[in-house]
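The structure under discussion is supplied below as structure tokens; questions concerning it will follow.
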Amino acid sequence: MTRPVRSIATGWLSAPHFAPAVLLIVAYGVVPFAGSDYLLDAVLTPFLALGLAALGLNLLTGYAGQVSLGSAAFLAVGAYAAYNFNLRLHGVSFLMSLMAAGLVTAAVGIIFGLPSLRLRGFYLAVSTLAAQFFVQWALTKFGWFSNNNPSGVIDAPQLTVAGIIFTGAVGRYLFSLTVVVIATLFAIHLLRSQVGRNFIALRDHETAAKVLGVPLLRTKLLAFGVSSFFIGIAGVLWAFAYLRTVEPAGFNLDRSFEILFMIIIGGLASIRGAFLGAAFIVVFPLLLSRLGAALLGNVFDSGVLEMSQRIVIGALIIGLLIAEPRGLIALVDRLAERVLRRSPRPLPRSPQF
Amino acid sequence: MFDYQFFVEVLVGGLLSGVMYSLVAIGFVLIYKTSGILNFAQGAMLLFAALTFVSLVERGVPFWLSLSATLMIMVGLGITVERTVLRPLVNQSPMTLFMATLGLSYVIEGAAQLLWGTQVHGLDLGIDDVPFELGGVLISRFDLFAAAIAGALVTAFALFFRYTRTGLAFRAVADDQFAALAVGLRLSRVWAAVWTAAGIVALVAGLLWGARLGVQFSLSLVVLKALPVLVLGGFDSVAGAIVGGLLIGAIEKLAEVYIGPFVGGGIEAWAAYVVALGFLLVRPSGLFGQRLVERA
Amino acid sequence: MRLSRSLRAAALAAAIGLSAALPTHADEQFFPLQSYRVGPYAAGGTGFFGGFIDYLNLINIRDGGVGGVKLTWEEGETQYEVERGVEVYERLKSHPGVAAWNPLSVGIAYAMIDRIAKDKVPLITINHGRTDSTDGRVFPYVFPLLLNPYSETSGIVNYIASREGGADKLKGKKIVVLYHGSPYGKETIPIYKLLADKYGFSLGQIEVPHPGNEQQSQWLSIRRAKPDYVVLRGWGVMNPVALKTAQKVGFPVDHIIGNVWSNSEEDVIPAGDAAKGYVAITTQASGAEYPVLQEIIKTVYGAGKGNLDDKKRIGSVYHNLGIVNGILNVEAIRIAQRKFGQRTLTGDEVRWGFEHLQLDPARVQALGAKGLFHSINVTWDNHEGDGRVTFQQWDGTKWKVVSDWIAPDWAFLRPIIEKSAAAYAAEHNTKVRTSDETPVSQ
Amino acid sequence: MSLVATTGAGAIILARTQERAAAVREADAARPAAEATLVAGVAEPVLRLESVCLSFGGIAALDGIDLTVRQGEIRAIIGPNGAGKSSLLNIVSGLYRPDRGVVWLARERFTHVPTTRLAAHGVARTFQNLALFKGLPVLDNVIMGFVHRRSAGFVRQMLSTREARREEAEARAAAEEVISFLHLGSVKHRLAGGLPYGIQKRVELARALVARPPLLLLDEPLAGVTLGEKQELAAHVRNARDAYGASIVLIEHDIGVVMGLSDRIAVLDYGRKIADGTPEEVRSDQAVIDAYLGVTHEGETERGI
């Protein structure tokens, strides 16, 4: 992005520990028992997978300022790499394949991040489309990736970690949840380190960063690499914990836009923003369609409902951008501040992240 | 034995389809040039224009009447977009505006299908696409017609930019929005005019592409063919869009026909991007794009 | 702002709606429909699901349901996207009395194979889906009724042979297959190679990258290869563009043979006169002259309950496919009711019905579908049912049948299918059934 | 140990800081040999420009400039708008490549200074219109001044090895110290983007000072601040030289402050050096008076950053 985004909620200091702790207790303690199969399999698991992908993209676009429209391709690389590691390296555990898939995606991400050394803004964004189309073509073209399945479709392997097999809706949800929690902690740790500072320096004032001696080449490629690592892991969750069979066409350009939507709507350079955006994009259309079906089900057929829902979502996205260009997280923080100001405990001045 | 005649045929076919890409690319350039926005709703506008025209014709409205009616609708669309989306988001970052146009494309796509239905429509512009031989090389009549229309459109825009007052205003705003504002140019009116011009380009492109693949939802996917052209030609140059389109069209087809078989075919989609990307690493702002002078 | 307050109230209402169980009385048989009426494949979706719902309405109005059991259904929009199809599946699977799933989408069907096996509910993939799912021993709950991609290919090759005057005339001929760059498109690459070796014709297979709105280079390569026939294995916008580009490069349109997903009115209308003379395979004829169509027009559309909003599409290829699919589903339930009684059946009982779905031409005539489709003969280990195919030519306004019913070369195909099914069974360690007793779920 | 160095810094504080500055210098022995220029006798100049020329498409921004900066000197460069002051600084920091001429950083000769290696050569700079990292708090902005010293790479930082933690602590301590030195303690955790202009100027100075650079390039550090802040910043600049031992190149408009603050002044006009000497010599030089007060040229607006 050529001009730095006025980002207030970009603090990377530790968040107040109250909210995340409650969230974790509910996520592990309450949801697996109270949640229905539908809620777990069709709402929460996709939310976790896409939230992790949004977190990865936010590291690249929100924190390091490098725009990418190729996230779906990296999801695909993650999924197919994990499938092949699991299939071909017999001794290796699924967890190892997961990590290896992340590293392979990071490598691919770095390769497709090379243009960022010379390009900026929309030129860079459109150049990452090369990744999108190339990966999609390669995965359908070379049968080896999908174990020579005639139609390029792969089936999910067993989700096993150290002997524990995660099956059923609850198992898949817990597996995804654990992977996402660990990844988020790793992201927080990264953003607190010097590398995290270099990302933001690169975004806010590339020339000043250069003068100070920030290794621009390494930092940009690292941003692409780390971001692709997260998106690759998210790809594995999407393919094996959620859909359980996957084809390259599922990782198309609309998916890349969807992930970009999440971090823009949720809030650039904000970890909570990434997950908030994912919740909005995953849950809201379902809510809208159920609402539409319930209220107007018999009046219009599902086609008309779907089209009007598309209009509502488009209008809502524009409305949100107008109301709060810095994303939902800025809106939420403002509301929280207004609420907390009335309560005795003042919100600490240091920024949330 | 290299078949020269076939090579020329592929080249000419590529150039002519490249013209169709530039037609779509011009719509992007108009808006980017004057407001720095990459308008991803261009595809939806293309679909909306073609669908409106075809639905009117199928309801018995004569050709020229439905054409002007569609033009009026595109003018209305241009003004409403400026009023409802652009004005509240003025001087936001390019990324936020890009996202707004994505939201806009959802709205327009939904409205188009809600208004005119999701049926597939045939569109006959009265040009039968029977090819004719020119020195052994097969040339499609329709593509020539499309190239002529695109040529006419580009010259019209070139004249418009150079010799009309509004054209001058477009160039002023493109060069420096604040300076233009300072000399009293009504930015909102210029942007409304720009979006209308882009709407008209969308209509022309919609009709030509619609005649080729039928007027249906997939018409909006044509923008993906225009993006490498923009990258190669530069986001803010009409000339770049034309030359870029010709280059991408030709190289894409030659790559598919000659390199494709060795790698399994179907390489068109990403070959165009690789070509544009390779070129960009030499000139980071495209063929004719303004060289951004890097200020410390 | 005002918008968000009303949205919060609406969201609350939906949440309550989500959890309240639907009141159901005893004897109803439910069809969950993962339909797509929006997006690039809306034409196919509205036609097929329109036909299916029209037939269910006919059964309800005319016969009061099947054996007194009323048929109900609910649609969930998927836009032909896999994850939305999965979402609709998870939402509707726990609805009481689910008879069968009819997604009409390769991607969604693949994603559901292991789910329906666990939930023991039949998955119907008429004319498409996994080729090896024909082998009922490994895929007890999957039914590629009438046709699977391999038998379709064999039908096309047999038709070309008939036009050339016999299978031996195929030797030395050149056939190019233009396929859509997707799992659906690539499914038949191996079988075309096998048939090319068997009959000695030379073969070219060219991929059209999705969505296929630009095919200049593909058709120029075809022009250079100068094949005798081009098989169009397309889907969506790719079909009209193929016909238009063929005209542009001067390839004779009557030598283009469309497969079962390039054979509808919506595939040819946008191509205008470039499509005149184009031939395509079909398992069901088009046209509204068949008795079952007339009944639907009279009773269903007469009562204002017709699903198609554009009346001109009654009797179109997709509409009739939906109706035929409706007939097969209803007859399977009727057969199952004879064994299990006239009540709401479980998914597994309906599976039994499908595994005994034998409709000979006489029964087909009794159902008012003579000429619409030939016959079907599903057994516990052959879930396709030896569906015959015919070929139709587009004369600019409608399809005309130009061949009699052709049978694919089942004997040649069966071993290939069984080998592929065995490989799937090994990879997923599923138990291969030996008789038609109820399969134990994996 | 956050001694508050007030503007009227007493001798004690001065002595304490100089003695510590000396200690720090030994600790930096590891720095490239070029820094060890403190030989006896006439000190080797810290910075030397030899007939540097630069033109923007025909317009000569700098026309044959020779300039030297001695160790521990506050070297001012003044001149009317568009004289080429900022361009000169951009050449020294490598952002512009001169058409002709050479830049000597201590004993190393460059025709085009490698910007990414600038900090390693002990050169730090501020920018004319603020180049802070809006999205980082003040403390982190200042820690960024230490980035060229960090050797622990991504992996070691992620594993937070002993070495990585030591480097982080070291950078944090240096930042804390320079923050208290410049009275920025109260805004330490606030985002740099939201602070008032004057304070942002001080943060940028702190970021430049944190790694104790032997050579400090200040591009109009006092521009656009209130009179009170100007006095304070001037004192900080002098402290930077006295406490941190940095040689300073100062570009400034405010003649009053420059005269009081600098050891030697070079005057540029239309890209040429028209005077160079002590403040007294320059004040009485007729050419300088003409350039500033008398003859008006139809000069373009100030270019550069």
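Labels A, B, C and D are assigned to the chains in the order they are written; within every chain, residues are numbered from 1.
Here is the rule we use: a residue touches a chain if its C-beta (ideal position, glycine included) is under 8 Å from a C-beta of that chain, and two chains touch if they have at least 3 such contacts.
Please read these numbers as outputs of a predicted model, since none were measured by experiment.
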Chains touching both chain B and chain C: A
Identity of the chain that, by mean CA position, is farthest from chain D: C
Pair joined by more contacting C-beta pairs (A-D or A-B): A-B
Chain A-chain D separation of Cα centroids, rounded to whole Å: 42
Approximate Å spacing (C-alpha centroids) for the pair chain C, chain D: 75
Centre distance in Å when chain B and chain D are each reduced to the mean of their C-alpha atoms: 50
Chain centre separation (chain A, chain B; CA means) in Å: 31
Overlap residues in chain B, where contacts from two or more other chains coincide: 113, 118, 264, 266, 269, 296
Overlap residues in chain A, where contacts from two or more other chains coincide: 137, 140-141, 207, 303, 307, 310, 316
Overlap residues in chain D, where contacts from two or more other chains coincide: 93, 95, 127
Chain A partner contacts - residues on chain D that touch it in the complex: 93, 95, 115-120, 124-125, 127, 131-137, 140, 143-145, 147-148, 150, 154, 157-158, 160, 164, 167-168, 171, 189-191, 193-194, 207
In the complex with chain B, residue positions of chain A that touch it: 1-3, 5, 61, 67, 115, 118-123, 125-127, 129-130, 133-134, 136-137, 140-142, 207, 253, 257, 260-261, 264-265, 268, 303-304, 307-311, 313-318, 321-322, 325
Residues on chain C engaged by chain A in the complex (per definition of touch): 1, 3, 10-11, 13-15, 17-18, 35, 37-38, 42, 46, 75-77, 79, 81-83, 86-87, 90-91, 94, 106-107, 110-111, 113-115, 131, 181-184, 186-190, 207, 209-210, 307, 427-428
Residues on chain A engaged by chain D in the complex (per definition of touch): 4, 6-8, 10-11, 13, 186, 189-190, 193-195, 197-198, 200-201, 203-205, 207-216, 222, 269, 349-351
Complex contact set, residues of chain A against chain C: 37-38, 41-42, 46, 137, 140-141, 150-153, 155, 242-247, 249-250, 286-287, 289-291, 294-295, 301-303, 305-307, 310, 316, 319, 323
